């Protein structure tokens, strides 16, 4: 069983940031808040433009991404909680 | 008697998620809330674009879909309560 | 004396839904509320697009339609109260 | 002395609806409220579209129109109070 | 010293309406309020459209205009208070 | 050290209006408020249109301009407080 | 490990303004507030236009920029707090 986000939506699996690593990217948050980075596990076909054409998204499955604290909606896929967000909500891709 | 949604609207029959299945997709919700997934039972002709052309929808009858908690409006068709929502309100299609 | 709605507006005569019929389409509502379905009795020429062309409406006189609870404005035509709404406010057409 | 509304505006002279006539069009209103129909006494050149072209209005001088309760602004022309509204605010034309 | 409004803005010098003249155009207002008509004393080059072209305004210097009560901003030019408004805020031109 | 505003932004140095000069342009304001006119000291390349092209601004360095009371943001350049505003916020150019 | 902002977003490292330097650019702020200027350390591919094409940004890595007090979102990259903002939020580039 898999999940296919529509259009410009992506499915993100949250990643607990390594908060003690000096060289790691860490999102400042209050204790107990969910981390705001994750791995993209599914992407939609693309953003639909006003002229009806489709622009493929600029993130792909496997990308590690930063997103806004209040982005998207949480759902559970195969017993695991994931986030359904729009590409628009993604701030940046973390590259290794 | 059938129902034809206009333009980019779809008719969705809610599905009670199998909350105890480990591999199932389960929407977290408080007790008593309606589940946020369902089966598409009718789709409109498509979204009307600014230039007047019509973009067919990216969901079809029989698709199992996730949607936002406050999406659409409830109506009863043939004695059964269904949801009339916009394609925009559909987060993802669950594929088997 | 007749009434011609402008552009993408339609005139709808409300229909009391047959609430006790098992196979009928019934809008759930609290006691005393007006039903949210009706018959289209007049339609405008069409929606005006940004480029100035006109898109004919996707409902026609005689259609039985579902619409949102707060759609449109009530007026009286020939002593009978009707609703002036936009095509946008129509959720679906009920086909027999 | 005359008055020329700009673009998509129209000047409307309110008409007291014949509230006691069975076959007349009557706007339901509370006692003392102004009636929401009138006769068009002047029209603008048309709605300006995004591409700079002008779409002529779909109402003309002499048309009897229905409009929303809070449409437009009241001004006095030649000692008589009239309404300056947008074509957009006109719901329908009453044809005889 | 003169003043050149930008784009679709116009400079208007308010005119005290002849409130006692039976055939005059009089804006209904409460005592002490500023009148809502005036003479255009300067106009911008035109409204800039989305495609970058410029649409000349439909009012000219010398026009007597009606405008909304809360339109524009007051400034003083050569010791005289004038209004800087958008063409959009002008309801109609009064023609003699 | 200089400052280059982006796109349709301009940098304005406020000018204290000569409030006692009969022929001067004076902005009515309460005591102690900052004057709402100034001299343009830098302009952006232009407004970016929907089609990606750039429309040069209609004000230039050296122009004396009127602007809205709440326009833009104050910053200090070389120890002097200036305003960063959009061309949109400029009401008019004062020509000598 | 690096960070790639999406589309029209940029990553900015805040710079403490030299507040005591007479010729420096200093943002007025209350004591303890974060300074509103910084150095661009990464830029997105560009702003996506309505027609699907991409407009490259008008700032580049290394630019010193002024931005609005409430612009963007703070994240930590390699242990250092940075700002993810849109090009739109950048007021001006400080050139030496």
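For this structure, a couple of remarks:
In order of appearance the chains are A, B, C, D, E, F and G, and numbering begins at 1 in each one.
FYI, contacts are C-beta pairs under 8 Å (C-beta built on N, C-alpha and C of every residue); 3 or more make two chains touch, one makes a residue touch a chain.
These numbers were taken from a predicted model, which means no experiment stands behind them.
Once the centre of each chain is set as its mean CA position, subunit B and subunit F turn out to be 51 Å apart.
Here the spacing of subunit A and subunit C, counted between their Cα centres, is 41 Å.
Averaging Cα coordinates per chain places subunit A and subunit B 23 Å apart.
Annotation for subunit E: residues 50-51 touch two or more other chains. If touching chains are joined by edges, the resulting network of the protein chains shown is one closed cycle, each chain touching exactly two neighbours.
Order of chains round the ring, counted from subunit A and going first to subunit B: A, B, C, D, E, F, G. For subunit F in complex with subunit E, the touching residues are 22-28, 36, 47, 49-51, 53, 55, 58-59, 66, 68-69, 87, 90-96. Of all residues in subunit E, those touching subunit F in their complex are 1-7, 9, 11, 42, 45, 48, 50-52, 73-79, 81, 84.
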